[in-house]
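Quick heads-up: structures coming right below.
Shared between the two complexes below is chain A, which has chain B as its partner in the first and chain C in the second.
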Partner chain A sequence: MIGPSLARLSALPSMPRWMQNGLVTLAFLGLWQLVVSVGLQDEFWVSSPQLIVERLGDWQEGGELWDNLLPTLRVALTGFLLAAVAAMVVAVALASSRWLDEVLGWYLDVIYALPKPALVPMFLFALGLGDSPKYVLVVLIVFFVFYYNLRAGLGEPRANLRNALGILGARRRDVVLYLELPTLVPYLVASARIGAPLALVGTVFAEFFTATPGMGNLIERASTTIDATGLLAGVAVLTVIGALVDNMLRRLDLRIGRWRA
Partner chain B sequence: MSVGASVEVRSISHTFPATKGNEPVAVLDDVSLSIAPGEFVALIGPSGCGKSTLLNMVGGLIRPDEGEVVYAGSAVGAVNTDVGYMTQRDTLLPWLTVEANVALPLRFRREGKADIKGLVTDALDRMGLGGFARSYPGQLSGGMRSRVMIARTLVYRPRTILMDEPLGALDALLRLKMQDELLEMWRRESATVLYVTHDIEEALALADRVFVFSARPARVLAELAVPGERPRDTRREKDLVAMYDVVWKTLREELDP
Partner chain C sequence: MSASSPSSRSTGFTASVWVARIAILVGALVFLEQAPGTWVPKLFLAKPSAVGERLGEWMGFGDEDPILWDALRTTLLHAGIGLICGTVLALVIAFVVWRSTVLARSVEPLMAVIHNVPRITLIPLFVFWLGNGDAPINVYVIGTAFFPMFYNALQGWRAADRQVIDVLSIMGARPRHIFATYLLPQSREFILSGLLIAAPLTLVAAIVGEMLVGTGIGGMLSLYRVSFDADGLYTATVVASAVGVAINTAVGRVNRRHRTRMLETGGL
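Showing the complex of A and B:
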C-alpha cells in the first residue's frame, strides 16, 4: 500500500509549483475540516475552513468586509508612503552631512530600539481614538526599514564610477539620474518588501485600540466575544492581501533587476 | 577628424595626506613631461608608484600639491571632459545595456536622439559589438567589456585618451589582439595617448616615447624614443630588444628592496 503512494508522491515535482502549493494547502484545510467534523476538536474553539468561508460570505453581503478593509488599506498604504519619503529625505540628509549624522543619528538609533507597539496607548492619550495613532505607529515602524536600508545603499563606494561619469561629461543632474538613483533601487525594493507587510501589521495592531473602522477593529471584536471564526476570517483576508502585495513587489524586483541575471 | 591636444606636466609633486592608521604617502616627486599633440606615450614603472595619480591629474580628478598640468594650452582646474579615460577595471554602468552605456557621453553632451543612435551603432559595429547592443555588461566576457569601453571612449572623439592598464585584466592572447585594436583606434583618431602599463613589451610595441618611473615617490628615470613603424616585433628587432634590456635594468633596481 505504501509503495504505490510513495511513487505517486515522487511524481509531484513534475507538476507546476502553484499546483503543488495548492495541493498542500488543500490537504491542510481538508485535515482541519476533518478534525473538526469527527469531533477531535470543538468547532467553537478552532473554527473550520467551512465556517470561515461562510463568514466571509456574510461579511461580503453585510458590507463589513469592505467597510473595514478599505480603511485599513488606506492607512497602511498612506503610512507606508509617508515613511518611505521621510526616510529618503532623512537618509540623504544624514549621509551628506557628517554633523547631522552625529547629532541626529544617535536619536534615530534610540527610537529604533523603542518597543513601539507598547506606546500605542500613549498615542491614543495624546491623539485620540481616530486614525492618527495608526499613522504614527505605521510610520514609526516602516520608517526604519527604509532608513537603514537606504543608509547602506548611500554608503556604497561609487567613487570610481562617479569619476568616470564626470570625465564623460556628466553634470550633477546626470550623476543623480544615472548613478545615484539606480544604486538605491535594489535597496528601495528590498525595503518595500519588508515594509509592506509591517505596515499592514502596524495598522491592524493600532486598530485593536482605536474606535474607527478597520480589520483590526473587526478582529478585536471577534476575540473579545470568543468568536474564533471571525478572528480567523479577518486574519485570512489580511494574509491574502499581504501575499498579493509581496508577489507584486517580487515581480517588480525581477523586472528592475534584469541586468543582474 | 579630431586632432590630439598637447599635455604639459610641469614639476608636479604630490603627497596623499595621512588617513586613519596610515602614514601620509608621497607619490610624485617633481615630475615633468611634455607631450606633443597626437603623440602616443607610455608610462612604465613599479606598481603604486603614482602613474595612475598622474593620469587622474590630467583628467582633473586630483589637484596636485605643487606644479600644474597644462592641457591644450590652459591649466587643468575642474574635471577635464576633453579626455577619454580607460581604466583596468571597466567603469560601465551594470544596469544599462551596452548600447545605453556607449550612448552616455553623447547624452551628457545633449546630442540629438537620431545623432546618438547613429554614432552609437557606428562605434559598436567598429568594435564588433553589433550583436550585443542590448546585452548587459554582466553578461559579457572581460574582452568584450574592454571593447565596450573602447567604443564608449571613441564615440565622443576625445582629443586625448588616458589609459591605465586598460588591458591588464585580459589574458595574454587577447591582450595582443586588443593592442592592435588600440593602435588602430589611435591611428584613426590621431588623438594624444597616455598609456600606463607594467608590461615593457607592450610599451615598446605601442608608444612613440616611453617614460620610465622610479618607485614611490615617482621621478622620471629615463625617457626613450622608440624607433620603427608599427606594428613592431619587439622580440626580433635588435633596437627594441636592446631597449627592452635598458628599461628592464632600470626598473629592476627599483624593484629590489
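Showing the complex of A and C:
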C-alpha cells in the first residue's frame, strides 16, 4: 500500500504510528458521542458510538455477528486462496511460453481492464443468489493482483545467479527450491497485502445482492430498514477486521523483507 | 532474452499469435450464440446477436429511444466530477499536511484511519443521509479518487528539495509562489501517477454507486437484472466493459509515454 508507509520523520518522533492512529480514532469517536449527547445531531441520522457498541453486544448475544461474519470471512479467504493458486499457475505457464503469453496474456490484459463490480449483476443472473457469484467476483479481483505481481517477480533478471548455481552443480530442482521460489516470496506477500482487503470488500459488495448470510447482507438489511446503528455497526466490524488483517500482513512483510536489505 | 527480441521474432510467430487470438474470440462468440437454449437455460445467457441488436436500438438505429447516450453521459459525469473534485480536495489537504507540522500530526493519521474504512459499505449510509440521487454517488466517487491523489501528491512534495524551498523563501517567495513555481512542476510525475491510478477507479466507483442508486449505466445493470431482461443486462454489461477497457487503454498509453511511477494498486 502506498499510504501508511509515509509517516513523516519530523512528525511525532516518539509516538509509533498505531498509537497516533489510535489517538485520532478515540478523539473522533469522543467528538461523535459528544455531538449526539449534546443534541447537535439526532441519533436517528448519525447513530452514536455508544449505540453501536450496544448493538454489537446484542449481535454477539443473538448470534447475528458470527452467523454473518464467518460466512463472509470464509468466502473472502477461500476466494483469495483460489485466486492466488490460479494466478501462480497461470503466471508460471505464461512466463515459460512466449506464444501462450502473447495469446492468453492479451486476453488477460483485457479482462483486467473490465470494471469487475459492474459484472456482478451478470454473475447474479447466471449463477443465482447463492455463494457462487461472490466467489467469482473475489477470484476475478484478487487473481490479477497476484498475476501481475508474480509476472513482475518472474521477470526479475536472475540469469547470473542461475548460472552460478549451475556451475556449483545445482540441479533443476535446487534452482527452483533455492532461487526461483524465494525470489517470489516478497511478491506474494506484496500481492497478499493488496489483495486481502480487496477480497473482503469484494465479498461484502456481492453480499449486498445475494440472499445468503454475510456482513454485506446484514448491512443491506440495516439500510433498507433505515437503521443507521445497524449499518455502522457492520461497517465498524469490517473496519476492525480489515485493520487486523493488514497489520498481520505488514508484520509478515517486514519479517520476510528483512534479509533483502 | 536475445533469442526472442522483437526484431528477430518471425512473422510466422506473429501470424500464429493473431490466428490463435481470433480463433479464441470466434470460438467464444459461437459458443455464446449456440449455448442458450441448448446447453444453458435460455434465461441465463444472451446471444451475441441479440446483444448487438439491443446495442443498436440503444444507439438510436431503430424506433426505440436512444437511451445509451444519456446513461453514458450520466456515468462519465459521475466519474469525471468525482475525479476532478477528489483531485482538488486531495491536493489541498495534502498541501496542508505537507506545510504544517502541527496539523500534519492529526490530519495524516486521520486520513490513514478513514482510508481503512471499507468505503463501499458506506454507500447505503450516504444514500440515507443525502437522498437517492447524484449526491451519494458523487461523495463516494470523490472518496475513491481522493486517496491515490492524496498519497501520491504528498509523496511527491516530500521528495522536494528542502534547500531549494529555503532559498526561495529567503528570497521572499510566499508559500503560494513556492507552490506554483517549484513544488507543483517538480511533483508533476507523482500527480500524473495519482491521476492514472484514480481514473479507472472512479469509473468503477461511479458504476457501483449507480447500481445502488439506480441511474446511469449502473442503474441499467440493476434494472435489467431485477426485471429478468437477459439481453438488456448483457448489453449494459458490454457497454460498461467497453468504457472500462477504453479508460484503461488510455491510461496505459499515457503511462507508457511518460513512464510515471505508477503503482499496481489492483483496485476493484
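FYI, the second predicted complex is superposed on the first by the 239 of 261 C-alpha atoms of A that agree within 3 Å, B and C clash if a C-alpha of one lies under 4 Å from a C-alpha of the other, contacts with A are read in each partner's own complex, and residues count from 1 in each chain.
Simple rule for what comes next: a contact is a pair of C-beta atoms (placed from the backbone, for glycine too) under 8 Å apart; a residue touches a chain by one contact, two chains touch by 3 or more.
Keep in mind that what you see is a predicted model, and the values were worked out from it rather than measured.
If you put the two complexes together on chain A, you find that chain B and chain C both fit without a clash. In the overlay built on the shared chain, the residue A:Gly195 is in contact with chain C alone; chain B does not reach it. Touch criterion met: A:Ala164 reaches chain B, while chain C stays clear of it.
By the document's definition of touching, of the two partners only chain C reaches A:Gln20; chain B does not. When the two structures are aligned on the shared chain, A:Gly242 is found in touch with chain C, with no touch to chain B.
In the overlay built on the shared chain, the residue A:Tyr178 is in contact with chain B alone; chain C does not reach it.
After overlaying the two complexes on the shared chain, residue contacts for A:Pro71 are found with neither chain B nor chain C. Between chain B and chain C, C contacts the larger number of chain A residues. After superposing the two complexes on their shared chain, the closest approach between C-alpha atoms of chain B and chain C is 5 Å. When both complexes are aligned on chain A by C-alpha atoms, no chain A residue touches chain B in the first and chain C in the second.
Residue ranges on chain B touching chain A, taken from their complex, read 56, 59, 61, 79-81, 83-85, 87, 89, 91, 93-96, 104-105, 107-109, 136-139, 152, 156. In the complex of the two chains, the chain C residues touching chain A come out as 4, 13, 16-17, 20-21, 24, 44-45, 101, 104-106, 108-113, 115-118, 120-122, 124-125, 127-129, 147-148, 150-152, 154-155, 158, 200, 203-204, 207-208, 211-212, 217-218, 221-222, 224-225, 228, 230, 233-234, 236-237, 240-241, 243-245, 247-249, 263-268.
The touching residues of chain A, when paired with chain B in their complex, are 160-161, 163-171, 174, 178-179, 182, 185, 258-261.
On the chain A side of its complex with chain C, the touching residues are 1-4, 6-8, 10-12, 17, 20-21, 23-25, 27-28, 45, 98-99, 102-103, 106-107, 110, 112-122, 124-126, 141, 144-145, 148-149, 152, 194-195, 197-198, 200-202, 204-205, 208, 216, 219-220, 222-223, 226, 228, 231-232, 234-235, 238-239, 242-243, 246.
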